[in-house]
Every structure is written in C-alpha cells, then in structure tokens.
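Same chain, two partners: chain A is paired with chain B first, then with chain C.
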Partner chain A sequence: MSWTTVADLLGLLSLLGGAMLCFAAGVGVVRFPDLLTRMHAGTKPQVLGLLLVLLGVWLRTRSGMDGLVLLLVGFFQLVTIPAGAHMVGRAGFRTGQVRPADIHPGRRERVDPSGEEAGPPPDDGARTPDG
Partner chain B sequence: MTLETVETVLAWMIGGLIALAALLTLTRITIGPSVLDRVVASDTLVSIVVSALGAHIALTGAASTLPLLISLSLVGFLGSVAVARFVARDRDPEPPR
Partner chain C sequence: MRGRLLGRQLSWGSILWLTVVWVVLWRSPTLLTVVGGVAVAVLVLVAFPLPRVRVKLRLHPWGLVVLVSRFLWDLTVASIHVAWLAIAHGPTTRGAVMDIQLVAKEELLQTITAELVALVPGTVVIDLDARQRLLTLHALEVENDKDAQRVRRNVRAQEARVVRAFHPDPEAVLDPRRAREAALARPLGERKEER
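Right after this comes the complex of A and B.
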C-alpha cells in the first residue's frame, strides 16, 4: 500500500466527513425551532465542512498550484461568512425575531413548577435593546 | 473487498449525503416562516453547493471547476447581506386552524 493510496483514502474519508456535516446542517436547519438555532446548525458546513472538503480535494489532487487555490478558497470563506452571519443576526434582532432572553441569559424569565410566573427577574443593569 | 469497491461505495455515500442535505435545505427555504430563515437556509445551500463542487473535483479530478469555487466563496455572502440589510418586519401569516 503506497502513500498515494493512503492519501486517496484519507481524502475520501475527509470528504465523507464534510458530506456528513452538510447532512447534519440540513437536518438542523429543518428541525430547529427558531432563527438563532437554525443559524447555529447552518454554519456547520460553512466552516468545518468546507475545510474538510478542501482538505479532501487537496489530498486527492496533490498538486501545489491547486493547493494554493484551495487555501485561497478556505481563506475567502472564513473571511466572508462571519460578515453575512453578523448581518443576518443583527437584522433578526432588530425585527424582533430574537427574544432578548435568548441573548441575555440573566434576563431569562423563570416559570416555577406550579405554572405561575415567578415574576420578572431582578434588574441587573442590562439595558433594554433599542428596537 | 478491493480498493475500488471501497472508493465507489464512499463516493456514492458522499453524493447521497450532499444531495439529501440540499433537499432538506430547500425544504426550509420553501416553508421557513420568515425571510431571515430563508436567507440562513440559502446561505447553507451555497456552502453545500461549494462542498458538492469540491467533491466533484476530488472524485473526477476535473480541476477546471476551481475558479467556480473561488468565486462562490467570495460572493456567496452578498445575497444574505443585501437581504438582511433591507429586511422588514414580515412573516408568513399563521395558517388557519
């Protein structure tokens, strides 16, 4: 078993890992209940899955120029994805699709087992976000 | 079990998983109640397409798809930024029960 065979197999395995992450993202995007959790699921193939796929491509093509191009692809993806995700999250927050209790854990409303609300949590100085 | 069989089985698994992922993401684009859900799903779909192109390069050795990968990874986020910039407070109406 030469090292080229090993590299081919390793490339296939990392491709399989990337494909599994894509599938996990698909399931998560369909099954999760609100915007933030769907964003969380949807970023799986955007970073780790894509890097695994690029690693697999490089392990199977094994050429220096292609490796450079693949590095460039990974770099661009890592630079641009957070910008888009930031804008989407901010738009969701401003249009009221994200409850403030989801992102300020100290302000989470508690419901006690008798079914009555325990009242508003104490004000810990966190400011209410402007709409 | 020869090496070629292993490679074929793995290639079919990779293709099937990516196709299933794209179908599920399309489902969310179709039903997602708000515009932002659809934007998140289409972002995910872009990276699934990039992964599929990468898998195509790796399985067939056709390196002529590489510029496509670069351009998709560069401009794939522009759509979501544009929609998120101008999104209004809109949701699909609740279906009648």
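Right after this comes the complex of A and C.
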C-alpha cells in the first residue's frame, strides 16, 4: 500500500465522518424541543463535521494551494459560527422564546474581587427572559 | 508598525493579512495578484476602518499548546456526544440558561473565551457583558445544581487556559489572593464602578 492510497483512505474516512456529523446536526434541528437546544444541534456537531470534510478534501487533492484555501475556509467558519449562533440565541432570549422553566433557578454566583460580601445581587435568582 | 493614508492609521499587519487572503483566494502568487492584493487591502482598510483594539497580551507558547490541544479534544468528544443526543432513541434533551462570572478584565480575553466556549458543543453563548464580566450561556443537559456546577467548572477551566496562553501575568488573575489584593489596592470608588 503506497502513501497515496493511505491518504486517499484517510480522506474518505474523514469525509464519511464529517458527513455523518452534519447529518446528526440536521436530525438534531428537527428533533430537539426548543430554539436554544436546536441552536446546539445546528451549530455544533457541524463544526467538527465541517473540519473533517475539509481535512478529507485536502487529503484527496493533496495540493498546497488548495490546502491554504481550505485552511481559510476552516478559520473563517470557526470565527463566524459563534457570532451567528450568538445573534440568533440572544434575539430568541430577548424576544421571550425561552420558557422561564428553562432558566437555571439557582442563585447566581458572584466572584467579588474586593473580597467583601456582595449581598444579594439586584437580579438574584432566575433571570427573566426579557432581562 | 503603522502607516498613514487619508488621515487613517493603517497597520502593516492587517495589510499583510488581507493580501495573503487575496493571493490565496486567487490560488496563484504572481506579481499581479500580490499588487492587486495590496491595493484591495488598503482600499478595504480605508473604507471600513475598525476600532483599535488595545492589546496588552503576551503569548505563552506552552499555554497555547495546552489551550489548542485541549480545545480540539473537547470539540471532538462533545461533538460526538451532542450528535448522539440528536439521534438517540427516546425523549430529547433539555437545557438551561445560566450566568457565569468571568475573572479576566480584558475584553479580548473575554472574547476568546466566549468564542471557544461557543464552539465546544453543549454550550451556546447568549450574551456577554464585558463590564460586569458576565457570560450568559445556554447549556445542554442541565437539570440540577450539580450539572450547573459542572458547566461552571468547565467554563472556568477554559478561561483559565485562555489566560495562561495570552495574559501578560496569568497568576495575577487566576490566584484569588493576588486578585483580591489588587482589588483592595484600588480606591473604593473605582471598585464600585467595576461591579
């Protein structure tokens, strides 16, 4: 078995793994119950899925310049995916798409750098969705 | 290093970076693409100026290696976990919104922390209040206090790795005793301001 065969094989495995993760992301978007859990499915397995697909494509083409282009694609995806997810998530949170029951009821912890007792914070406990 | 054009400050680093992107997109490092890339870079920087980021960072190579390798590991494990949650038989999972207090004051470090937390599956960042250092996020599979503590610990650890990789003096932030002393050394009015 030559190196090209090994690279081809690894590339195909990466492509397959990436495709499966993207598929799982799609299934998650359909099956998860509300907006924010869907955001998890829509943005996350896809990150690794996309990186695997890019790796797979590079292992199949094995050209330096293509590799740099793929690197750029991966870099910009990693930088922009959180921004997009954040915008949708915050919009949903502020417009009340999140049920109050889904907000962690525990007391919000505070780390006070001055070391003195902070006292009860103004919005102690559960946050309201329009907070 | 900075040059000036039309009253705007242009950083050579940005020009270099944009030129490299341009050449790579053309896939051919010829004279024409390089010159064109510089022209486009200058045009973009003059037309769309960005606010200057006051950066006071120092790169710790070992800290960066730890940060990147741990991030890739977390990404892999958590991606497979969330993918499994999506396709597993039975009722699907629920999550909770929670607030987490960060320790780093620097906005850039907070941004990097939030980006990495957002990329690792299981947590979606909803909001970041830079002045209060408050990160609001949605976490999967949080049903009781113990789960919430687990998520808090993970985010704290992630931030500690970011601080160890980029902060000029990591222990000043991470050591609670020194952080407290630094806070006490400042005048009281400033402290109230920060909260």
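We take it that the second predicted complex is superposed on the first by the 99 of 131 C-alpha atoms of A that agree within 3 Å, B and C clash if a C-alpha of one lies under 4 Å from a C-alpha of the other, contacts with A are read in each partner's own complex, and residues count from 1 in each chain.
In this text, a contact is a pair of C-beta atoms (placed from the backbone, for glycine too) under 8 Å apart; a residue touches a chain by one contact, two chains touch by 3 or more.
Keep in mind that what you see is a predicted model, and the values were worked out from it rather than measured.
Colleague: Scan A:L50 for contacts with chain B and chain C and give back first, second, both or neither.
Modeller: first
Colleague: Who does A:L15 touch here: chain B (first), chain C (second), both, or neither?
Modeller: first
Colleague: Where does A:L68 make contact in the superposed view: on chain B (first), on chain C (second), on both, or on neither?
Modeller: After superposition on chain A, A:L68 lies in contact with chain C alone.
Colleague: So, does A:M87 touch the first partner chain B, the second partner chain C, both, or neither?
Modeller: A:M87: touches chain B, not chain C.
Colleague: Which partner does A:V27 contact after superposing on A: first (chain B), second (chain C), both, neither?
Modeller: Touch status of A:V27: both partners.
Colleague: Scan A:S2 for contacts with chain B and chain C and give back first, second, both or neither.
Modeller: Touch partners of A:S2: none, neither chain B nor chain C.
Colleague: With the two complexes superposed on chain A, say which partner A:T37 touches: chain B (first), chain C (second), both, or neither.
Modeller: The second partner, chain C, only.
Colleague: Quick check on my understanding: which residues of chain A belong to both its chain B contact set and its chain C contact set?
Modeller: 20, 25, 27, 39, 43, 45, 49, 66, 69, 72, 81, 85, 90
Colleague: With touch defined as at the start, can you tell me which chain A residues reach chain B in the complex?
Modeller: Going through chain A, the ones touching chain B are 5, 8-9, 11-13, 15-16, 18-20, 22-23, 25-27, 29-30, 35, 38-39, 42-43, 45-46, 49-50, 53-54, 56-57, 59-61, 63, 66, 69-70, 72-74, 76-77, 80-81, 83-85, 87-88, 90-92, 95-97.
Colleague: In the complex of these two chains, what residues of chain A are touching chain C?
Modeller: The contact residues of chain A facing chain C are 20-21, 24-25, 27-28, 31-34, 36-37, 39-41, 43-45, 47-49, 65-66, 68-69, 72, 78-79, 81-82, 85-86, 89-90, 93, 98, 102-104, 106, 108-115, 118, 127.
Colleague: Note which residues of chain C are touching chain A in the complex, please.
Modeller: Touch residues, chain C against chain A: 21, 24-25, 27-28, 75-76, 78-80, 82-87, 92-99, 101, 103, 114-115, 118-122, 124-127, 136, 138, 140, 142, 145, 148, 152, 179-180, 182-184, 191, 194-195.
Colleague: Of all residues in chain B, which touch chain A in the complex?
Modeller: That would be residues 3, 6-7, 10-11, 13-15, 17-18, 20-25, 27-28, 34, 36-37, 39-41, 43-44, 47-48, 50-51, 54-55, 57-59, 61, 63, 66, 69-70, 73-74, 76-78, 80-81, 84-85, 87-89 of chain B.
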